[in-house]
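Chains: A, B, C, D and E, in written order; residue numbering restarts at 1 for each.
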Amino acid sequence: MARYLKSKKEHIGLSPDAIHFKGEKKSDAVLLEVIDFNSENLEEYEEKSVNEVVKFNQTATTTWLNIYGLHDEKVMGDIANQFELEPLILADVMNTHARPKIQEYDNCIYISFKMLQYDDLLNHISSENIVILIKENILLLFQEKIGDVFDPVRERIRKNKKRIRGSGTDYLAFALMDIVFDNYNYIISQIGEKIESLEVDLLTNSNESILEEINKFKKEIIYLDKSIKPCREIVMELLKMDSELLADKVYVHFEDLKNNINQAIESLQSYREILSDQLQIYHTTISSKLNDIIKFLTVFSVIFIPLTFIAGVYGTNFDVLPELHYKYSYFIMLGVMLILAVSMIFYFKKKKWF
Amino acid sequence: MARYLKSKKEHIGLSPDAIHFKGEKKSDAVLLEVIDFNSENLEEYEEKSVNEVVKFNQTATTTWLNIYGLHDEKVMGDIANQFELEPLILADVMNTHARPKIQEYDNCIYISFKMLQYDDLLNHISSENIVILIKENILLLFQEKIGDVFDPVRERIRKNKKRIRGSGTDYLAFALMDIVFDNYNYIISQIGEKIESLEVDLLTNSNESILEEINKFKKEIIYLDKSIKPCREIVMELLKMDSELLADKVYVHFEDLKNNINQAIESLQSYREILSDQLQIYHTTISSKLNDIIKFLTVFSVIFIPLTFIAGVYGTNFDVLPELHYKYSYFIMLGVMLILAVSMIFYFKKKKWF
Amino acid sequence: MARYLKSKKEHIGLSPDAIHFKGEKKSDAVLLEVIDFNSENLEEYEEKSVNEVVKFNQTATTTWLNIYGLHDEKVMGDIANQFELEPLILADVMNTHARPKIQEYDNCIYISFKMLQYDDLLNHISSENIVILIKENILLLFQEKIGDVFDPVRERIRKNKKRIRGSGTDYLAFALMDIVFDNYNYIISQIGEKIESLEVDLLTNSNESILEEINKFKKEIIYLDKSIKPCREIVMELLKMDSELLADKVYVHFEDLKNNINQAIESLQSYREILSDQLQIYHTTISSKLNDIIKFLTVFSVIFIPLTFIAGVYGTNFDVLPELHYKYSYFIMLGVMLILAVSMIFYFKKKKWF
Amino acid sequence: MARYLKSKKEHIGLSPDAIHFKGEKKSDAVLLEVIDFNSENLEEYEEKSVNEVVKFNQTATTTWLNIYGLHDEKVMGDIANQFELEPLILADVMNTHARPKIQEYDNCIYISFKMLQYDDLLNHISSENIVILIKENILLLFQEKIGDVFDPVRERIRKNKKRIRGSGTDYLAFALMDIVFDNYNYIISQIGEKIESLEVDLLTNSNESILEEINKFKKEIIYLDKSIKPCREIVMELLKMDSELLADKVYVHFEDLKNNINQAIESLQSYREILSDQLQIYHTTISSKLNDIIKFLTVFSVIFIPLTFIAGVYGTNFDVLPELHYKYSYFIMLGVMLILAVSMIFYFKKKKWF
Amino acid sequence: MARYLKSKKEHIGLSPDAIHFKGEKKSDAVLLEVIDFNSENLEEYEEKSVNEVVKFNQTATTTWLNIYGLHDEKVMGDIANQFELEPLILADVMNTHARPKIQEYDNCIYISFKMLQYDDLLNHISSENIVILIKENILLLFQEKIGDVFDPVRERIRKNKKRIRGSGTDYLAFALMDIVFDNYNYIISQIGEKIESLEVDLLTNSNESILEEINKFKKEIIYLDKSIKPCREIVMELLKMDSELLADKVYVHFEDLKNNINQAIESLQSYREILSDQLQIYHTTISSKLNDIIKFLTVFSVIFIPLTFIAGVYGTNFDVLPELHYKYSYFIMLGVMLILAVSMIFYFKKKKWF
């Protein structure tokens, strides 16, 4: 199926607030993970039902509600009701193929982006759609599959790091986005290292497998670009947003996000150009190698052509062919051939033809 | 006829409000389809005359008037009169080759765009010009041909979906545009799948038919790009428009349109780059295949050249040619030839020349 | 002379208000054509002297004064005096190589652009500089050569079309620009049709004349681009201009101009990309044709090489060469040669080398 | 030395107001040329000392002070003192490798740009840094070398042209910049003509000298682009500048400068594209010529290959080779060879292989 | 390791204010260098402990505190405490792989950028991260390694240059950035000179080492571009910043920075284009050289082909072959061969085939 844009016929014309899962079902059940904390206390729960978590919406503590598995349309409907979310929002949450976006609603900020994972061996990047809903005292994070890159944030909360425990959902959202963007940079640097290491192979040992690798990297770079670029818009939007849900002091962190994402985009651009150059080097190397072979072989043939001609002349059966009857003719012919061959070799060498 | 821009000599210099059909006549009669609804009631009619539908302009219910067939200049004139539209608007409606655009008038908003249809077998995209006029209680939709992508919207109205039945013409316009933009994404994903599947063929089985396909896809991508890009302007304009005809709550949906169209444009860009890369892969594959053949054949010839030369030398008719008279000369010659051939093969193999 | 930028040494450093003709003199005399109209009356005159037309500056009727022939510096000076134009304006009018521009002055709006003409047979686009001066009751249109694309506007005035007869010089200016921009689109569609029809030839019958045609079209597209792009700036400027000379109701028409010119620019862009693709197809076709020939010939030679070698061996004159003396040797040799040739052909066929 | 950016180690870290000459010393002494005028009077002087010219700073007449030779750091220091210029300004003046820029100071406007000179024979463009300081009653123009393009302005002043004699230093600055920009356009048109005339040679007589010329032009175009583009920023800045030193009526002239410079930039862009196309045409022509030769020669060889083989067969020394003993064998062989050759020629002709 | 983006797994998800060194440790100890000055006095110290330098924070004199070695997390923590810096700032300081950025804090302005060093022999550019913190009376400059480009600034302070001694930390920051940007331009001009000097080699003596050099330069240009471009953003930000820490009179110097950095970026762009052109010239030269060889050799072979054929014919053993028995046959054959060879050479020469 098309990796760059997945769109199914049956989804066309669905009402924009139809709570309908668009994506690949990756997990079986729905799992609700709660981390509830303030500067003093921290509690963690794992729940199966929406009713048990809705109470955290009221408490003054900061709550991070992680919802795994978006395919269960009933559960999603419950969440919409209990947390007073517009159906529109939930419909967006369930469309895992959507483009990253940010939107401000009356009682929450909706942010979606892609969490990327790089399979080092297959050189393949896979993506997972992440949605964050920032509410006053609770942050909802939606993802289809269990397994993510957010463990360091969980650790920082558990280890009672001052800043994250003393801040609200806005700072938590920053921390989550920051880790995802850090991860972009990490993936780019991993791919980048591989790309830069291609260079050595290119010059010493060009073969078609290198070509395939270059093309593989090019495709992954295009894919990364497509996943990462919309995040710049999101961050720019965040910086301009004047929402009560975002404390003043968190904007300085958003600036960091901007820098983080800009660095990723610029590095992608650099690697893109490097890949183009490598492709050109590959073609040059291959064609110069072929040229050398062709030149060598052509020169080789050319040397024998006049020699064979001379032998041909003395193979004719004319009655009168005086040279045939001298005693040393044959040896003279061989000598002439030798001189001819050697002088041609010298000539071609001098002209640097091989 | 030129697909990218169709312009006829006889249309040059027409008064901008001349009600004159510019396009290909695709249907015979004019057909007026009415869907009239509010939260409680729904009625559908099919009419032939403008006089019978004009009453819906006054009623408080939301009316969707679908006008098929724009070539009848008289009927169009009637519509302009009865619905109090400026002649300019109708002239624009009838120019089916025009670029998508949006314009605010005193009593209506004019939006035109292309409805695309993708012929899966021929790999050909055809387009149909759609014009939407948003008035207070009635939405006029103009198209030349019967048959469109709007059935899901009709279904949602009939099934009494709360949001669409409870909203006005602004939301209806959104729903119609949304379905057209969804359709763009669907077409792109269909073409995209085909493009991505080319890759496999490219590496295993390159031939000229693949080249033709790549070029075909390139042309369709250019065509899509040209049809879709102006829609971004339209949506951006909609988002900035401060019209009484657009309710506040509909803007959040327009944001969705923006995302939808941005995703389409970015995917097109990705496929464009992928096609360029495929073209390069094709050329590389073809030329590397040719190189292999040429190398093989050249090496083959080169091996025989010295052998033929040796035979030539012993075919000369010199009186004195001592080697001819030894008993094993012939067999020694054959042996030398064999050794020569084998060592050349080894040499070329070692140098990886074939 | 350079078509893209014509600049003469003797014009450097001229005072900006020196009334000096810069361009090619294309007509002999100066001709003044007057169309004077309001909703009720219409009168047309042809005059030779400026004094006879200056009275129309005062009348309340709308006057279109068409001035053919700009090379006569005396007449131009008279016009400047009689119509109270700054010398600067007239100097600009007489510089027919200038870039299209728009400028607001105290008592008039200056607009210049290029009227293009496409010679269908030579595939050559020529341009003519047009200057429009919008004053309150008179519009001055300057062009060097008699013969233009404005006849449809003249017809609309004569046929007493309501809108044009009832409007002022602002609407007249719009109508004139509209017809020129329509003409751009028409020329592009004509060239576009030719470009699209090249495709068929490309695939069936590639030869150098196609290459020349592609390059010819590329140059014309660059030329069109250069003439048309500044018009977008002009229209954008017009839309922002807040002049008393422009009635409110005329802005909706300027929006049409914007769409018109955008369509032209985007179509040019599409055709540019199509031409690039065609060029690539051409090169691919040519080189694949050559490759086929080279492959065929190489294979052909390669088949004879071992055969000739065998004949060479049996042409040697060794005293002892046992095969020569068997009765069927010759026929066996021919047979071996045949088998060799046939198996090589099979081998090469199987490998798809020809 | 690098033409595109000249920077010397010893200049790094100099205080920004160190009055230190950075550039190539092109003249020996410092020369001060004064043109002092108002509508009635005109006086011209040539001075060697700063003290003698400083009086013109006070007079109500407009003074154009032309300073040749910037390398004398003492004289420059005097100028700074006498004309009450910040040291920073003089430091900038003496850096002749700086990028064109504009800056407003308390008592003057600083404008620098490049005066270009085109050596027609060598196809080489050289540049000279020009700095204009606009003060209330005096305009200082700094240049290192004697010899410039400003003579037409001097002439206009001497001939008592109304506009320039009646205006202040702002109009004088415009006149000077206008002449420099006119000169840009003139140089571009000169190069453009040469580029366009290459076309004819390209199609009839492609050789390597054309290639060198194309590459030479490309480099000059890049150089022009780099010198001219910053001038657009300068003009845009001028148009926005709200300085007391600039009279209202001079802005209309600045608009002309904008048009002038835009035309230059767009023409450069056009010629850049034309050069790219020419390069491609060159390569196509060369390679198609080579292909023709290769095809001809290959076909030629291929015709002889079977003929030589036949001769080889009848050169074998088999005891039993019946054909040798028929009376007409030789002639039959020659006949067969002829038929073979002719039919191959026909076949290849038909296939359009040569 | 990837040069364009270095990112380590263990740094992902670190709290943004974790004081943790990200980079390569280049020096052993931490060194604190103090230059304390005002118009009258100047004192320099070298300290090892933070406590001894913190007093300069209070004094009215301007202090430049240069901190070498950022890897010591304890020392960095002390600095944060003593100078009342947010932990966030120090965390940023210690991330030496970060993208250049600027940020305004309550009591300081944070600016980071790359100091580049060019190894002339290896053609390799290395970079060192520099952070400047502008506070009211003290400027902190952080760098990991001892050895920098700032000596000229130190000299200007010591030599009691009026402007730098009489200004505050804002001007000092300008002076430091100015020297770094000057250095960019110097490096570009050094590389540029080398690039321009390649041209000569290209035309006379193309070989693969030139190709490697071109590719090497391309990579360095990409690297420079990536390091320098963000500095433009920094300067633009500085110019817009309305901070109490920046005196009005320092903005004119920031304008100079803008010009400086723009010049660098534009020069890079020019060299990029020149390298692309050189690459193309290289390929053209190489392939035209190959073509000449191939043509020569092909022509050479072709001349011998008919000659060898003739000899073959007279080497046949037909009983009846009349020409063999004429007395002068052999000489006639040689003559015919000579004539044939000479006329073919003439023909090919005339057709300019070699």
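Here is the rule we go by: a residue touches a chain if its C-beta (ideal position, glycine included) is under 8 Å from a C-beta of that chain, and two chains touch if they have at least 3 such contacts.
None of the values given here were measured: they were computed from a predicted structure.
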Handout entry: Graph distance between chain C and chain E, where chains that touch are linked
Key = 2
Completion exercise
Field rot_deg for pair chain A/chain E, CA superposition, rounded to the nearest 5 degrees, holds 70
Handout entry: Distance from the mean Cα position of chain C to that of chain B, given in whole angstrom
Key = 26
Exercise for the section: With chain centres taken as the means of their Cα atoms, state the distance from chain A to chain D in Å. Expected result: 42
Practice task
Any chance you could list the residues of chain B touching two or more other chains?
Solution key: 294, 298, 301, 308, 312, 315-317, 321
Exercise for the section: In the complex, go through chain B and note every residue touching chain A. Expected result: 149-153, 155-156, 161, 163-164, 175, 178-179, 182-183, 185-186, 188-189, 192-193, 195-196, 203, 252-253, 255-256, 259, 262-264, 266-267, 270-271, 273-274, 277, 280-281, 284, 288, 291, 294-295, 298-299, 301-302, 305-306, 308-309, 312-313, 315-322, 351, 353
Completion exercise
The chain E residues in contact with chain A across the complex are 1-9, 11-17, 88, 92, 98-99, 101, 103, 105, 208, 211-212, 215, 218-219, 222-223, 226, 229-230, 279, 283, 286, 290, 293-294, 297-298, 300-301, 304, 307-308, 311-312, 314-317, 321, 323-330, 333-334
